[in-house]
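One chain, chain A, links the two complexes that follow: it is found with chain B in the first and with chain C in the second.
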Partner chain A sequence: MTLIAPPRARPRGPSASLLDRFGHAVVRVFEPPFRALQRILGVRRMPYVFLLPNAVFFGLFVFLPIGINLVYSVTGGTALFPSQRPYVGPEQYAYLLDCGSYLDPSTCREDHFWRGVANTLKFTVFQMVAMVLFSLLAALALNRPIRGRGFFRAVFFFPVLLSPVVVALIWKWILQRDGLLNAAVTSLGGQKILFFVDPSWAMFWSVFVSVWAHMGFYTLILLAGLQAIPRDIYEAAEMDGTRPWRVLTRITLPLLWPNLLVVLVLVLIRSVQVFDEVFVLTGGGPGTATQMIVQYIYTTAFANQVQNFGLAAAASVLLGAVLFVLTLLQLFLTRRRAA
Partner chain B sequence: MTGILRLLTARRGAGRLHWTDWATYAYLGLAVLLMFGPVLWLVLSSFKTPAALLEFPPSFLPMTQKEVRVEGYPQPLPLFSVTMEDGSTRELAQVRRVGLIAQMVDPKAPGTTVRVAADKRQPVREMAFAVSNYTEPLAKYDFLRFLENSLFVTLIATAITLVINSMAAYALSIYEFKGKTLAMLAVIGTLMIPITIVLVPVYLVVTEMGLVNSLWAVILPGAATPTGVFLLRQYMLTIPRDLIEAARMDKASEWRIYARIVMPLSAPALAVLTIFSIMWRWNDFLWPLAVLTKSEVQTLQIGLNAFQGELQTQWHYLLAMTVVTLTPVAIVFAFLQRFIATGIANTGMK
Partner chain C sequence: MAGLELKAVRKDFGPVSVIKGVDLSIADGELVVFVGPSGCGKSTLLRMIAGLETVSDGAIRIEGADVTHMPASDRGLAMVFQSYALYPHMSVYANMAFALENMGVAKPEIAKRVQRAAAMLRLTDYLDRKPGALSGGQRQRVAIGRAIVRDPKIFLFDEPLSNLDAELRVATRKELAALHAEIGGTMIYVTHDQVEAMTLADRIVVLNGGRIEQVGAPLDLYNRPDNLFVAGFIGSPRMNLLPATMDASGALLLAGRALAGAPRGLAPAGERLTLGVRPEHVEACAEAEADLVAQVDLVERLGGETFVYGAAPGDLALTIRLDGQTAVARRESLPVRFSRSHLHVFDQTGQARRPDIPARS
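Up next, the complex of A and B:
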């Protein structure tokens, strides 16, 4: 019997022991029904019992919705319930994809969607370059024999935990007309800049703030990759008197390449879904300059006067298809890295 | 102090500082400034009075004009440092100002008033923390309720996630059964389906369940996290099978094996998932935004966003409430930093 209740060191303190006692009570309450189930079903069928709660949630909130989403995307009208929606075939997709020229969103019938696509593409390209560059530099710096590595790692990492709303508000406060940055600009003799009125600045700060908030995460992944590179390779290079730049380009980067690829794909997957920080920071503006695909989906389904669920569903199916391909790519790359 | 000194004088090898050392410390120094600076600025700004927030260029610390009570005047009077005609400076309180002339009074001799040109006086400033930025919105607006809602969602959702995820992970790691591969595929498959993609149909499901504008609409859909199942399963696979076989020999029920053997042994992985879940739930935005439209049920993040839309000009409240939203995360981070970092490094997820 000792194995069943292994002698554990009891956590000290009244609250810990209270929690402990609560835990024991919960375990005891569920014991009889599970014992009964085991008697009826037998041990071999018990895994299904353990799987069931999670499976119910998955079914209700993931698999069923995927099916309904497809139904939505081929039906029209404004009703929420699928049975009340008339079948329209591929009309929603045709409407979304109806463009004079795909390079110019203003020639599209649903130009907001295509502006979203164009903005998301632009955001993604800038984001990937900036994110990989800065997190790589950070990982390289943290991988050197520096003092206080834990502190510096925390410096890069802590914004990852902040909520998108908080991140956006912090920067909104700095970037506002009479904010800290404009104070710096004017003290250097410049004019105040209205960052959220100029489309290019708005896009720049959207990318900047996203990099600021998330680079710590990618830095950690790259740092783990750097630390996995065997030390003796570097020692051999040092004995040969190899210059630092050559060490970086001939040893570090090639050996880190698999991790860099994974980071690139992860950034890609996240960027394509970008929404919250940018939404709170710029509201999609000025005009539609920073309105992304996900904001289009959200607005079309929930925030517009007429809630167009069909169009939103069709757009999210298209986005889902893109994400699916990207994730397969990621799985492929991670598997290759593991092998 | 010696720590900082040693930090500043650390070298690549023996001998001089190499240029790469300089570059490293320059980059890290810049990072400290860029990463901590904005948060520090937010916290400092959140203690400024509305008047101080309107100043341009802004002062670094929260400063306000000093006020004094002078005998014979019902209101406290603003204090100025005045350059007198003979070149000396005196601290005088201003009674009133008419055009370019200010009527001042010496707080030490409240009997006589002095007339001073308005451009000859400088406000006397002192550091003051406007705590009312915090107390007023908590009293006036629904912020306490938002806080309560966020706490409720975070705690309940994390509890549900831990229980159902660990049960599923237990089934997928300890047993061999028909359909196991399919179940694993389903978990990996859902790893890549963010709520973004199924926003509309999940809204329908939640409506059908009668949960719109209820906190359960936020708690339930995200409770079965594929990330959690995956993470816990990987960990549980390392638990020795002999232990479980021995327990079965001793006639322990499967539930007991799960609750009394596998769960305690998975404590490190459970801790990581707990931190992740708290983080996800506390910071969740898009889904609550879509499903919680009534202000009574909104969470802190949604409330804060609505707040910034309505009260564009009331930065003093907005900044303070942003600090309130950020504080729990900062505390969690301060205590569990190492845990979180290793959790992410091991799973490549967040």
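Up next, the complex of A and C:
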């Protein structure tokens, strides 16, 4: 068995496209060294050669930073270089986890961290409910033979393509004191609403903007699930005299449940990681009303006057542990579904 | 159970007409089979009766009541789908009970009906299983059970055996026939398999290109096909169809020779006709008595019978059914004679010409 196949005839004549010629030129350059490598390493080891570039990049930009982060989390001081930072052991973790009651952030030594945890939890719960509900409604609507279905599918998916910062800026222009929404409210004779001053409004719009920006992606997952349900099952239900609500609750939702589970876990993971949209939209305010964990990490490490890399690193390790568990859950659900 | 009436029923998909005006009456308790080649509209017609397809024109009546525009869920019919269409997340019991729950039937009554149907279909041991844990034949029986428990006005079967292997198909076919004899409901059964049609039906409806070609009892269709399509479609192997003419004296000419003893004067002199004769009505004979001499191309020995495929001069393709033990070999010449009482004659338009149907001038 040879992994590297013998070269094909070089493309000639007017029918050979520029891309073909380029491809063959690349093959001509790379083929000799790879053939030599194959002779030295043997066919069975060649896949590792092809995996190496990605492994190097992944190691450099993912595993190395994770390692450095762990080092920072067990060292103290304000120095940037790890070699200049004194080892403090689990001190940063102990500081973060030192609470009178985990249900009351004000009893914690690092109350900003726990306010971030509480805000993230609140955001996650609201976001999960709203995201799953609206994605499901959108998917159910888009699965029906409505006029302009292709257009609406594109409309729902379009915000997913936008950068989170762009999304947040668009909505900031709409929601700020002199924004479009307040212009509409005042033109109808109402009073301006200070959306980013009221903590409840700030949290509401954080969730709303996040749902608006991402629901297209989850709608697509649910739509794929809906389209995988055979049409004749619905016809059988119709012949069985099933009313629409019962079709939804007894046929559609149970058959869509694997997709719904995946959506739930993905939304959960994303919600726990939320940062950019909310940070650009509200700056974490008013006060710390919309400051999430990731914003706490960012501020502690880079934005505060005293840059506490160690504490921020410890907080990100804790967040990483939570995300790791959630990812395992997602993998478990996805694999069970594939099986 | 109930009768069904179709009045000039049409179905158009945009400019394409799929059902082109069908009139049909089905009596209470009858088992009627819609048969025809792929694309003839038989499944579409069944789905229109079910209420799963809208009707472009015409009317459908069940028990005399117009249901043309009534939703499927309100028609009180039950359908067995080709793919079974079982609810994969529900147990066999739940699949069978679902329609009864929709109807608001009390739980003890549901249990009684499901248990009765399960016993009838030998499913009692599988009631807790999901459809995924059943064989194809068991799934098909669940689909039938789901229909039975509802005690519907009419049972509709859409090619229910086509996903089963040959052996299971024969076994399930027998079970369906026994089931019809036992519960006696009105049943409409769609198939492209004419053996299923012949063995199951009280009456067969042969469809072609969205129109009914002929309606009748299986042996009526076999013995007295109204046209070339039915003659060719019903019967396996298919009927031999040979070009013939009628001479001035009214005798039937085949390959330029008059067929002595054949029906006379069925068509105007000189009209091009088609002579039909089934393979079992062609018999080997002495060369002096032969109507044709076939050159044998292929011999299929099935044990109890032998099929011989050959060609006679004039490029006339012939299929002959002989006794299973007949000694005949490829490339042999085989003189054959047609049974005179089983000849079918069709005119240029493909319509049957029989002594009871006068010839057109």
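Definition applied: the second predicted complex is superposed on the first by the 286 of 339 C-alpha atoms of A that agree within 3 Å, B and C clash if a C-alpha of one lies under 4 Å from a C-alpha of the other, contacts with A are read in each partner's own complex, and residues count from 1 in each chain.
In this text, contacts are C-beta pairs under 8 Å (C-beta built on N, C-alpha and C of every residue); 3 or more make two chains touch, one makes a residue touch a chain.
Note that this is a predicted model, so its numbers are computed, not measured.
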{"item": "Clash-or-fit label for the pair chain B, chain C on chain A", "value": "fit"}
{"item": "Which superposed partner A:M292 touches (first chain B, second chain C, both, neither)", "value": "neither"}
{"item": "Touched chain A residues, chain B compared with chain C", "value": "B"}
{"item": "Touching partner for A:V211 - first (chain B), second (chain C), both, neither", "value": "neither"}
{"item": "First (chain B), second (chain C), both or neither touched by A:R246", "value": "second"}
{"item": "First, second, both or neither for A:P230, with chain B first and chain C second", "value": "second"}
{"item": "First (chain B), second (chain C), both or neither touched by A:L268", "value": "neither"}
{"item": "Least C-alpha distance (whole Å) that remains between chain C and chain B when both complexes are overlaid", "value": "6"}
{"item": "Residues on chain B engaged by chain A in the complex (per definition of touch)", "value": "3, 6-7, 10, 12, 18, 20-21, 24-25, 27-28, 31-32, 34-36, 38-39, 41-42, 45, 54, 56-58, 163-165, 167-168, 170-172, 174-175, 177, 180, 183, 186, 188, 190-194, 196-205, 207, 220-224, 226, 229, 243, 246-248, 250, 252-256, 258-261, 264, 279, 282-283, 285-286, 289-290, 301, 304-305, 308, 315, 318-319, 322, 325-326, 329-330, 332-333, 337-338, 340-341, 344-345, 348, 350"}
{"item": "Touch list for chain C against partner chain A, complex", "value": "50-52, 71-74, 77-79, 81, 83, 85-89, 98-99, 102-103, 146, 150"}
{"item": "Sites on chain A touched by chain C in the complex", "value": "230, 232-233, 235-243, 246, 250-251, 254-255"}
{"item": "Residue ranges of chain A in contact with chain B within the complex", "value": "1, 3-6, 8, 27, 30-31, 34-35, 38, 43-51, 53-55, 57-58, 60-69, 72, 80-82, 137-138, 141, 144-148, 150, 152-166, 169-174, 178-180, 182-183, 186-187, 212, 217, 220-221, 223-224, 244, 262, 266, 273, 275-276, 280, 294, 297-298, 301-302, 309, 312-313, 316-317, 319-320, 323-324, 327, 331, 334"}
